[in-house]
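The same chain A turns up in both complexes below, where it pairs with chain B and then with chain C.
Let's turn to the complex of A and B:
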């Protein structure tokens, strides 16, 4: 295995922190992502990454930890999207798009201001594309608490959430408070996006949120299995990304290593391609490629 | 003319002061132009250490503005504002570092072409190729005397009537450099071969001149300077050197920070490795170029003798 794990891999504190934080984030993102894909809210998830970008940039300006900005910005954005009317399917994309544009404008302002007023270096790179190798070990407990809160909340609303994803009318008839459930899910989604931003940056966090669940839903037939598979795929992609980024130091004579985010996203894409091939083999004639079928 | 330049009469001083005020108003307000009839030359130093040397040579016949002077801002990520563009467009003498460190200056100059403007690009002055990896040229003790001479040459060409004044100020600059040169020589004799670490290549030229060995992987320094994440391998190398006291001090760039450099700083503090704050631009107020460099060398001396940390120059 020496060819796979380059020298110092097992003893490197930075790597250990990256693997642990990456694990927690990937699992959380995958679980939230399953619901996001099933509810058809991928675009909302992407818009939240832009809000998280603004939050992360604002965190640098205010001098607080990036995680606080990513998550805080995302939650505020979720609230804004809910207020504008992301609940109604009609006009949902417009509300999402408006928030997205405003958030990126704010991000541009915050990045400009922090470049002008602080000594922080590489802020844009960190906010947009992530910087898992610079995450401090003290982030791990914070991320774990957030993850716990997200998973417990999801477990509590899983039934009404699934029902309203299946059929809004049916859920309403069964007495599901659609608006509350939708808002709770948006907040959970925002927190998950903010956490992914720590690993692969705010802009790329959709990849971790949507990619592994989309792959899992292509091959798994039950929600429980899809969640487990998505979590496994997410963790695998994250760890492979960390490993390759570490190894890339030894690939070139100049010892110029490549960024983690690139490898994570590449692994996610490969996973999705493999899942698509598997699905075609097991089911020769897919009915509707874009519609998940795992939850029946 | 010589007598006037060396012993200016009182009314002359008042006149110059008034003219400088007029120029200052012109610079901040409308487009009145930097080359006023009074003979005070509007000059710009892209970094305040160059502005300081312009002022030391130009004295009362020059009004100097510095573009980058905030010690808590990373100059590598500097963003140009319209007021900066205006100051540069009106300047008749510009001193800039080059090597991409202040690329925006070249852009601003070409945005407002002027045949009467003289630009001293320190990279070109020292005939350094664009591939020179470390742009922090002002930390090289040989740089500023050359820059000062070039400034004197240009000012004398622009205001020949004050040529003797500028020549005298250059001579004074050179003699004020002598103690610094002596300080460097003494340091070298005492500490040559000592090993230190850095978070960024900011003071590397000075460390070399002082005979110190910088054990930090160059890639890590360059990555921090360029705002990308250093490889975990390089970070681990530096952490081990600090933990094992392989290095006698950590030169910490207080102006370009990231979570990596902050973590290295606290590691050095907990391991008992003294920290020496180094700066991209001259800390103000209270320093000129010579006293700034002298203070850095003094801080290094303290670190290597008494393990005393200098976390900021004030």
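Let's turn to the complex of A and C:
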């Protein structure tokens, strides 16, 4: 195994922090992601990442802790999307698009401004592509607390959320408060993507949110198992990404590491391909495939 | 119908008015449903059947009127009503098995993730058997056929042991054999669980053998009573606003428009030739 784990891997504090923070973020993203995919809100999830980016960039500019910027930005974005009309299925894409556009504009402005102030060189790279190797050990408890809050909140609304993902009509008839549950989920989603934006970067945090859950949903037949599988796949992809990025330092004579996010996303894609192959294997019945898609 | 007499009805709909986009959809709708009765809600496309169900469930804004269950207004915690909506499209990729959907009928509105008690699992099995859905209990709901989903939805709505079950056009898109099966199944379950049923349909004929009462919707108004009281030329003509005849042939009922109405421009509420 010596070839896999390059020198210093086990003793390196930066690596350890990266693995731990990566674990927390991957699990949170995967669990939240299952509900995001089931509710068809992947686009909203991606948009919230961009909003978080604007927040993160703003935080760099203002000299505030990046975590506050990322998460705060995301939550504000969730509120804005709710106000514009993310609750109605038809209004969803519009609300998301409007907020997305505004956020990208702000992010561009903040990044431009901080690139001009000499002290913040590399901010763009950091904000957009993440910085798991630069996460300070003190971030771990903060991220863990946030993650705990996200998971507990999600567990609290899991069943109403599930029922309303299946059918709004059924949920409303059972007395589910659709609007509150939807808003709670948006805030949870914002916090989760804000966290992962810090670790693997804004652009690629969508991959961690959507990729492992999409793979898990291809093969799992129960929500609980899908959640567990997605978490496992997310952690695996993150750790593989960290390992390869670390190793890649030794791959080239120039000693330039390749970015973590590249490896994470590559692992996610491989996982998805494997899941798709498995799904085809597990459901060979052509009869099942030609069944009517629900009644109209 | 006086407001003062004590209500013995299970459900009472009083003078409900609904309008949308400045158009009246339901006008002064009133009727009641008794414990354990099978009521057919009959009306053509766009008559307002779905709207009426949503009013009863308290999820449709209405301009005026009230809905009373046991003489009390509906609240969020007072939901002794099961509902099978008209259109439910389940995503075949959702990892929800038929039995999960049924269980969500019992606890889908509850917060928290408490472990489901043994008794609930038993109740789910029992319910699935009652609607003959045991064979596909472990398949994803999205992969089931329309008729199979129908059964699972009935189990979903009955597991909370409601006193009233609303079914919005559960017979549409079923072949004639399945129509008879579902009606027989509902009749059986309704009697066993002592649940009152309000079922909407375009066609009243398949329901004639089981229907205790009928609520007939047309032109935004309703007429209710036993079939014999409601399905008469005088009552239906008043409802449609022009003359219709009622023919009884071979145990079937046909509602026939005799001529195009004179007067105001025809609208889509008029029976073309044969409504039933």
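The rule is simple: the second predicted complex is superposed on the first by the 282 of 296 C-alpha atoms of A that agree within 3 Å, B and C clash if a C-alpha of one lies under 4 Å from a C-alpha of the other, contacts with A are read in each partner's own complex, and residues count from 1 in each chain.
Following the convention adopted for this analysis, contacts are C-beta pairs under 8 Å (C-beta built on N, C-alpha and C of every residue); 3 or more make two chains touch, one makes a residue touch a chain.
Please read all numbers here as calculations on a predicted model, not as lab measurements.
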Quick one: on chain A, after the overlay, do chain B and chain C clash, or do they fit? Just give me the call.
fit
Is A:112 in contact with chain B, with chain C, with both, or with neither (first, second, both, neither)?
first
Looking at the overlay, does A:280 come into contact with chain B only (first), chain C only (second), both, or neither?
neither
Where does A:13 make contact in the superposed view: on chain B (first), on chain C (second), on both, or on neither?
first
When the two structures are overlaid on chain A, which partner does A:179 contact: first (chain B), second (chain C), both, or neither?
neither
Rounded in steps of 10, the angle in degrees at the Cα centre of chain A between chain B and chain C is 150
Output check: A:257 vs chain B and chain C. Expected answer is one of first, second, both, neither. What do you get?
first
Thinking of the overlay built on chain A, is A:131 touched by chain B (first), by chain C (second), by both, or by neither?
first
When the two structures are overlaid on chain A, which partner does A:223 contact: first (chain B), second (chain C), both, or neither?
second
Between chain B (first) and chain C (second), which, if any, makes contact with A:171: first, second, both or neither?
second
By how many Å are the closest C-alpha atoms of chain B and chain C apart after the superposition?
40
Intersected contact list for chain A, partners chain B and chain C none
Can you tell me which positions in chain A touch chain C when the two form their complex?
38, 155-160, 162-163, 165-167, 169-177, 217-218, 220-223, 225-226, 288, 291-296
Interface with chain A, chain C side, in the complex: residues 57, 59, 76-77, 79, 81-83, 85, 87-97, 100-101, 104-105, 107-113, 138, 140-147, 149-150, 153, 156-157, 160, 172-173
Touching residues (chain side chain B, partner chain A) in the complex:
72-74, 76-79, 219, 224-236, 239, 254-261, 263
Quick one: in the complex, what on chain A touches chain B?
8, 11-15, 18, 112, 115-126, 131, 133-136, 246, 249, 254-257, 259
